[in-house]
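Input: a single structure, listed below in structure tokens.
Chain naming follows the written order as A, B, C and D, and within any one chain the residues start at number 1.
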Amino acid sequence: MNAETRPLIKPQESGVSTVAAMRAVFSRDMKVAFRQRQDLLNPLLFFVMVVTLFPLGVSPEVSFLREAGAGILWVAALLSVLLSLDHLFRHDFDDGTLEQLVLQPQPLFLLVLAKTLAHWVLTGLPLVLLAPVLGVMVHLEGNSIAVLCLTLLIGTPVLSLIGSIGAALTLGLRSAGVLLSLLIIPLYIPVLIFGTGTVAAATEGAPVGAYVALMGAFLVLAITLAPFAAAAALRISLSNS
Amino acid sequence: MAFDSFTAFIAMEGHGPYVWTCYGVFFLLVAAMMVWSWRRHQAELKSCRRVHEAADGSGRGSAQPTPATFTRVKVSQD
Amino acid sequence: MSVLNASDVACAHRPGYGALMSEPILQATNLQCERDERMLFRDLSFSILPGTVTRVEGANGTGKTTLLRILAGLNDAWSGELLWCGKSRNWHREEFLRNVLYLGHRPGIKALLTPMENLRALVAARRPVADTVLRQALSGTGLDGFHDVPCRRLSAGQQRRVALARLLIADEPLWLLDEVFTAIDAKGVSAIEALLQQRAAEGGAVVVTTHHELQLPGMRSIKLGEVAAQ
Amino acid sequence: MWQIFHKLGSPKWFFGIATRLMPWLLAGALALLAVGLVWGLAFAPKDYLQGNSYRIIFIHVPSAFLAQSVYIMMASAAVVTLVWRMKLADVFVKAVAPVGLVLTFLALFTGAVWGKPTWGTWWIWDARLTSMLILLFLYGGAIALDRAINDEKSAARAVAVLVLVGVVNIPIIKYSVEWWNTLHQPATFKLTEKPSMPAEMWVPLLLSVLGLYLMFGWLACLRMQTEILVREQRTRWVKEHVLARRAG
């Protein structure tokens, strides 16, 4: 038998490192997003609009806004992230990129983590950057705005990570958007509570270190567990398609 | 007995409506779950039976299903 | 003929060793798949040998795509046994994925990216390939001049060709190709047929589903749809 | 070992066991609930603080207790679904999720009605009630996801992932809601936690909790049997079962 007629089964060590593969996934998502820049603005506009509804719908009084401001901003940020989650896997699912992602030899949960990170950089991070402006508009004080931004900085990645599970579970279903919200909102409650609670504590002048540390713990927990669940959910959803 | 009379038992010193509403809704929902689950079970048994009886029938050739002839069905105009 | 002992045969992990031609690269035993309460197939057994092209045959709805997705590891809703080089595929998933190339009927091409970017992203997950090689591959599928045009401006056939460009540089020993001739013109079809044949001659194993009448010398086939008739 | 495991997971085996078990479960449930609730309603002494309204405890606590443990049971079954792909675990989750939803609703409803004479308002953002409300959402989400996926196996596995994620979150939710509660309104006095409850109160409470557990067992068996019939309709044993019942 001729040596050339034997296909070489590739040895274990060959191929691309997991980090390189994650970087490739991340940069592709960024590239795709920046080819459609106007879509990046949508969650931000939504964020601003929801915040605007509160002074109009409830009261423009400084005292009310100062007390409710952190909560309003947090709820609005949560809803914007929720709104953008539907796209996390949807386009990849429709064009078949997701199949290829699942068939990559690298651990799927790490690739999902890279995708989720890209999602956060494209939606969560801009919200954090915009928050100080809106914080001033709802009459929050300087210190409170700083703490609010800090909690959003730690909290929005958690929202993206938990959301990735819901997005993966509802992939390819009818009315996936509404279903996604139903599944995910209850899981968002602890982050919301601690996000706003920390700002409230800061407004009263209480030390916030412990709460921030606790939110950090949420983030660590979400980073370690959510990608596994999302990867499992993706396999299930693809299996069904 | 913690109450002096039946009327006192019903009234529960003014808390009667609350207590009895709760118990009422509790029994209603638990009973509804029981009845509904039971009826669904019976319906499913029945449908399984129908499926298998139909399969048995055609297998033995006793009750042949009508062959597909695609003849038009007469509909009276009354 | 060289003398090989048992550990050398079949998928050794060291470079330089390969599967013997007679050793199936993929072996399915009593595969069964049920979808939406409908039995697609059961007791399906076959083996895929290196150096062969295998065509999955069957009418619409007999589960050709599903079978291919099961083989690729995209569909988990099956029972039976699937051996990859004599080992359980599910327990050697990473090694298996390293060695298999799957092209679905959704080609995995991002409309907003250019053919070059798409091809680079698809290949980069598996091995580093120089851009010049990628360009050659794209040119080889007749996409000269379109390398840096966003894919949404390309026709359906051209988009498929971007995905097919992977085949020109792929070194995976097992190819699973779903409806590979869709949206490809007659000239392209015969070129792809030649490509598959060449791949088989190199020792690769190719599994295809297609409605197109594929006739290659030495082609094997898996027939689906007989369960439904029973 | 695996043989036993597989036998335990076999729908046919379960169907037989459940048929034999169900009369006992139902009888036990009715007896315990009757004794516990009559005792609680008519014979247990009045609470010195809340008066007679506290008698709602004999249904509120069992419902709340069971609502939470049903979710834990579903999560355990979800592990079995994902790891061993046992059909019976899928069936269990699907069959009991609506029961859990109803029990959670009952806990919420009785809590709200109890709140009126106690706090003077129907709803209060009390830590327990809020946690229960979130549990209701979790149940609702699981049922909605199950309904949305056509393929049974995929639905079971997707719901299993969701329930597991939920069960990891439940302690976090509980903790954060309690923290939030102390932040906003220090609890004046809680509905259920009494420093010490006399035996005439906790014995009937225990009886009704056990009674509702047995009732849940009966409902779970019945609903699982129904679900098994749906799934295994074409098998030989189902055929024998349904045709034998017609003859007998």
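The rule we apply is simple: a contact is a pair of C-beta atoms (placed from the backbone, for glycine too) under 8 Å apart; a residue touches a chain by one contact, two chains touch by 3 or more.
These numbers were taken from a predicted model, which means no experiment stands behind them.
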So if I look at the partners of chain B and the partners of chain C, which chains show up in both lists?
D
With chain centres defined as mean CA positions, report which chain is farthest from chain C.
B
Chain pair whose interface holds the most contacting C-beta pairs:
A-C
Indicate the whole-number Å distance between the mean C-alpha point of chain A and the mean C-alpha point of chain D.
33
Taking each chain's mean CA coordinate, chain C and chain D are separated, in whole Å, by 48
How far is the middle of chain A from the middle of chain B, if each middle is the mean of its Cα atoms, in Å?
45
Rounded to a whole Å, what is the gap between the Cα centroids of chain A and chain C?
34
Could you say which residues in chain D touch two or more other chains, in rising order?
151, 154
Residue ranges of chain A touching at least 2 other chains are 236, 239-240
Shared-contact residues (touching 2 or more other chains) in chain B:
none
Contact pairs between chains, per stated definition:
A-C, A-D, B-D, C-D
Within the complex, which stretch of chain B touches chain D?
1-3, 9, 12-16, 18-19, 21-23, 25-26, 29-30, 33-34, 37-38, 40-41, 44-45, 48-49, 51-53, 55-56
For a test of understanding, state which residues of chain A touch chain D in their complex under the given definition.
162, 165, 169-170, 173-175, 179, 182-183, 185-187, 189-190, 193-194, 197, 200-201, 218, 225, 229, 232-233, 236-237, 239-240
State the interface residues of chain A toward chain C in the complex, per the touch definition above.
1, 4-12, 14-16, 20-21, 24, 28, 31-32, 35-36, 91, 94-97, 99-100, 102-106, 235-236, 238-240
Of all residues in chain D, those that touch chain A in their complex:
82, 134, 137-138, 140-141, 144-145, 148-149, 151, 154, 157-158, 161-162, 164-166, 168-169, 172-173, 175-177, 179-180, 183
Which residues of chain D touch chain B once you look at their complex with the stated criterion?
37, 41-46, 51-53, 55-56, 59-60, 63, 99, 102, 105-106, 109-110, 113-114, 116-117, 215, 218-219, 222-223, 225-226, 229-230, 233-234, 238-239, 242-243, 245-246
